[in-house]
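Each of the next two complexes has subunit A plus one other chain: subunit B in the first, subunit C in the second.
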Partner chain A sequence: MSTATQDSAVSSGKITRTFIYLVLLMSALFYLLPFFVMLVNSLKPLAEITGGNMMALPQTWTIEPWLKAWSTAQIGVEATGLKPYFLNSILMVVPAVVISTGIGALNGYVLTKWRFRGDTLLFGLLLFSCFIPFQIVLIPMATILGKIGLAGSIPGLVLVHVVYGVGFTTLYYRNYYAAFPTELVHAAMIDGAGFFRIFWRIMLPVSGPITVVSVIWQFTNVWNDFLFGASFGGQTQPMTVALNNLVQSSTGVKEYNVHFAGAILAALPTLLVYIVAGRYFVRGLMAGSVKG
Partner chain B sequence: MANYASDTDFRTKLQGWIPKLVLSPSIAMMLVFVYGFILYTVYLSFTGSKMLPKYDLIGIDNYVRLWGLSTWWTAVTNLAIFASLYIIICTVIGLTLAILLDQKIRGEGMLRPIYLYPMALSFIVTGTAWKWFLDPGIGLENTMHLWGWESFEFGWIKDRNMAIYTIVIAAVWQTSGFVMAMFLAGLRGIDNEILKAAQIDGASNWNLYRRIVIPMLRPAFLSAFVILAHLAVKSYDLVIALTGGGPGRATELPATFMYSYTFTRNQMGTGAASAVIMLMTIAAIMMPYLYAELKEKS
Partner chain C sequence: MGFLDISNVTKSYGNVEVLHHVDIAVQEGEFLVLVGPSGCGKSTLLNMIAGLEDITDGDISIKGRVMNGVHPSKRNIAMVFQSYALYPNMTVGQNMTFGLEMHGVEKSKRDKALADVAKLLQIEPLLDRKPGQLSGGQRQRVAMGRALVREPDVFLFDEPLSNLDAKLRVDMRTEIKKLHEKLKTTIVYVTHDQIEAMTLSTRIAVMNGGYVQQLGTPKEIYDTPTNLFVATFMGSPAMNILPTKVAMIDGQPHAEIIDGSGQAVSLPFSQTNMADWVGKEILLGIRPEALTDPEGADRKSTNIATLQNTVDVIEPAGADTFVTTTLGGVNVIARMRADTEIATGQKFDFAVNMDKAVVFDPITKNRIKP
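Moving on, here comes the complex of A and B:
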């Protein structure tokens, strides 16, 4: 699909076009404003925030709030800054994304190219599991993680995110592989290629676009998760939970500038992923995962 | 010779089993961690569990109790308000922006990521940003006063009756760009020849969209609805970050209700019952969709 170059057949007059641009620009303002406000105010001293205008640029520019949010701010009972929690999130997100994407690719391959009786039912069950409200699994999950000794640990969080992420990754790969000609797979089988050889040599080389979608999706979901982190994180809380603790702390003066710097720090990895690969995400979605 | 034959026989058999073996860990995980856990929670909802799980069946008492609680009714009412506004507004904004962006717009490559980026932010970050932006003392209201609009008032976030709408605003801000992307994908998938033919037949732009384009976006509408509806029911972090369920209990949702009843008020049975109600709501939305989807594809 050469989507980017396709012309729309609709034509419109000059006034209409001005109006369209106006609406589009106003919307852009709406989306940018809260982030702009956070960014600007994270670079101000506290006095300028409480006594000034949130839209104004800093009179004195300072990176002090950023340094404080990163390494000395009070999170819960300890003044460690967000640094250790950022590390927790990284240690959690990387294995969770790699494992769930790998499993999803294999599942999608089996479900489209090695079909068997009942596979649609299994896929349906797997798909439904993506959409369950996680409240329904919180109580038993807490018990089980405690029993197998993974409560309050990074491996525990990785396990949780893999379990509840596999449904989505499988969905992506299944829809993507469904469009891949099965004849090619059959031809390779006749030539004597086995299950894994076909996967490595034929399926994986064409899986780029959907892998981008799956990785971005999982990365954002796992990085941004709060519920599991808050419930099962224990001492190894991820970034979102730490940020919430920082912002909601009721002791002392509310250091808004530090809160904003912290919030941007928490958003930075996913934002970077979007800036670098967001284009491919939308393109990949168009290529298969959203029917339309 | 016989040995060789049985060897190949074994290999073909193995080839037949490999796919199922590869799939089986996921299936096992799913059966335990999803469906097993669901059954367990359903069971707990019929027990007198308080701080820890107990296995004494007490019938439907928890459900009776749940629907007798005014907090639960507040949560359910809030969810109804939040979900309907969130779904409708996101769809309208998403569709409008997608249609406008599809008019050969210069700078589309710049605008699209601007609309889409909030989706990269967690609800905790979104909540932190909006909580402050909407705070009458330092946020928007204060700014308007400083700019000379003295009578400007916007204190929804502190108002018991209006606070739920601030959650709608923040949630729409976070998700509507994604809905736009879904509609844009749908629009770009429509064959231009159909549109050109309609134009030659003299259809106005308005009619073109109303009669031809929007009906053809049916699958995108459906996907958007399903995604938004399940996000709405699951909404938890945004409330925690934006209002903490307050002022008072004014912005409590079923998700926050379940958490506080189960883990802080030690009413695990009632908490489990509320989780079951949430699951049933999602199932009612998802089942017909999944059924249609899978039937069509297989």
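Moving on, here comes the complex of A and C:
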């Protein structure tokens, strides 16, 4: 009797398992398909796309669309390709990520280890910034950027993204440091380390996982942002805005292969960040949230 | 005036006073243990000495220098934490010299101090490891080493052994005592374990409810507790407390107790001032080792009374046999020799060492002093 039940349990387990894997496989295909289409068509001559099947592999392989998208495609009125805008994006993303992560770490440190009257209220207000829609702040932000002379510049964009990012980074670091034993801070105080020394020598060296989370989060958000880039970018527009200009241009032939190549170029940095640091991301996200 | 003076120290959180006018003067080289149940204020007091908590009222001074408001690092103290608080990103060696580095001690002197302490604690092979790679006992040693390299005026220990398993705890206890005897340093040690308090200290401060209940040598605390709390908190198994009436028999005051069968038995007091209490209720405190089998009774005692009572429970503990019986309507534990021949339900002769008995006022809960 008992063996019979076990048999049926095993076989039903097999069916469930097959079903689960099937669903997973289909989900994976579903998400990979658009990428496949983009990649395949970015490596074809334009004639093959207009005259043939979107799903088919290229008959003549070419990297011409990639080169064109990168350096000679018409963006707006100039034929510069995406290259200068890619540089703009890098110049915006790197300082924005570094500064917002740094401030977030410092905030988290103060809010957990140097508590003061009203610290929870302050944290609540910081969290509030995570929930304010971008559109609401466009006009006040434009006014402020104009007044401090940063309108239409990369430092202006960096400022906007830092202000928007600090809420999230503070949340991450505060939750992470809440689980960090306060006795260690006390020990360091007795050892004679001051406020910044404790932060630099004791807290930061063990903040790896949460720093990865913060960096990935900030990098993807800042890189992918379109609204702020289009509104405040001026002459120094980021990659996302340039890609839009490339794809939406209404004159001439629609060069789909160039568009596909450009879109992949625009997505590449975030993809790379995920591939390099992705597994730490999940780990860090859990560490921060569960013990908070 | 002591080496470490805690005078009239009070701590409040808002309107709640958690420590009330604590006065302790610690002499140089003394090993003071603060002991008490959770929430008695012992850790708060230690943190105030360390400077991790503000002093609401009163003064704490070390070597005559008032420490109120002085930063922890400028008090020349070192602290060993319950969780050891080793910096996880640094090696053992870096952990131990971090304090010296922060105080601007030059590298050659740091290395010398590290080598000396590592040798003393026998942790030389561990110096390049990270704390995560150490066992509990090794971490404990490193935590002590980190305190030792500083050569501070006062060492503060915050329940340092409570994270270790039972056997290691006993080993480390001996180790700490050895270290103290060798180095003759001034130590303030917080624990809730009364055996640690008894074995390690030169003096104990028993705390409860934010008050120091009694301050004295381990022997004073054990033999002459000032009140019922100290009497029952210190010692394991705890002191037996019997509700008793004082009666005058043959011109001598006796403690009259109702035994297990409802009969009154009377035990003559050794204490001489009990005549004032004749006819009144008192609480008689008898430690388990003062209630034993007749052969095991203390030969030096001048006043051994015997009483016959029924044995309820027998607990052989290896070195001793603990016997539970009913006296004065409460369970009473007697400590007997391991090979005492005794059976449950048997009528057995218990020997009571009345020299060691202590008497408490049932209303004030304070000891009636001889």
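Please note the rule applied: the second predicted complex is superposed on the first by the 276 of 292 C-alpha atoms of A that agree within 3 Å, B and C clash if a C-alpha of one lies under 4 Å from a C-alpha of the other, contacts with A are read in each partner's own complex, and residues count from 1 in each chain.
What we mean here is this: contacts are C-beta pairs under 8 Å (C-beta built on N, C-alpha and C of every residue); 3 or more make two chains touch, one makes a residue touch a chain.
Treat the numbers as computed from the prediction; the structure is a model and nothing was measured.
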Fit-or-clash call for subunit B and subunit C when the two complexes are aligned on subunit A: fit
Of subunit C and subunit B, partner touching more subunit A residues: B
First (subunit B), second (subunit C), both or neither touched by A:V212: neither
Contacts of A:V93 with subunit B and subunit C, given as first, second, both or neither: neither
Touched partner set for A:V110, first subunit B, second subunit C, both or neither: first
Which superposed partner A:I139 touches (first subunit B, second subunit C, both, neither): first
Subunit B versus subunit C as contact partner of A:A193, first or second or both or neither: second
Contacts of A:V166 with subunit B and subunit C, given as first, second, both or neither: first
First (subunit B), second (subunit C), both or neither touched by A:I202: second
Geometry of the superposed three-chain model: angle at subunit A (Cα centres of subunit B and subunit C, steps of 10 degrees): 90
Which of subunit B and subunit C A:I75 touches, first, second, both or neither: neither
Subunit B and subunit C, minimum CA distance [Å, superposed model]: 6
In the complex with subunit B, residue positions of subunit A that touch it: 1, 3, 6-10, 12, 17, 20-21, 23-24, 27-28, 30-35, 37-38, 49-50, 53-55, 103, 106-107, 110-111, 114, 116, 120, 122-129, 131-141, 143, 162-164, 166-167, 170, 178, 194-196, 220, 223-227, 231, 240, 243-244, 247-248, 256, 259-260, 263-264, 266-267, 270-271, 273-275, 278-279, 282, 285-286, 290-292
Of subunit A, residues touching subunit C in the complex: 181, 183-184, 186-193, 197, 201-202, 205-206
Residues of subunit B defined as touching subunit A within the complex: 15, 18-20, 22-23, 25-27, 29-30, 33-38, 40-41, 44, 53, 93, 96-97, 100-105, 111-126, 128-133, 138-140, 142-143, 146-147, 173, 177, 181-182, 184-186, 188-189, 192, 195-196, 199, 205, 208, 217, 219-220, 223, 226, 230, 233-234, 236-237, 240-241, 244, 254-255, 258-259, 262-263, 268, 271-272, 274-276, 278-279, 282-283, 286-287, 290-291, 294, 297-298
Touch list for subunit C against partner subunit A, complex: 50-52, 71-73, 77-79, 81-83, 85, 87-89, 98-99, 102-103, 146
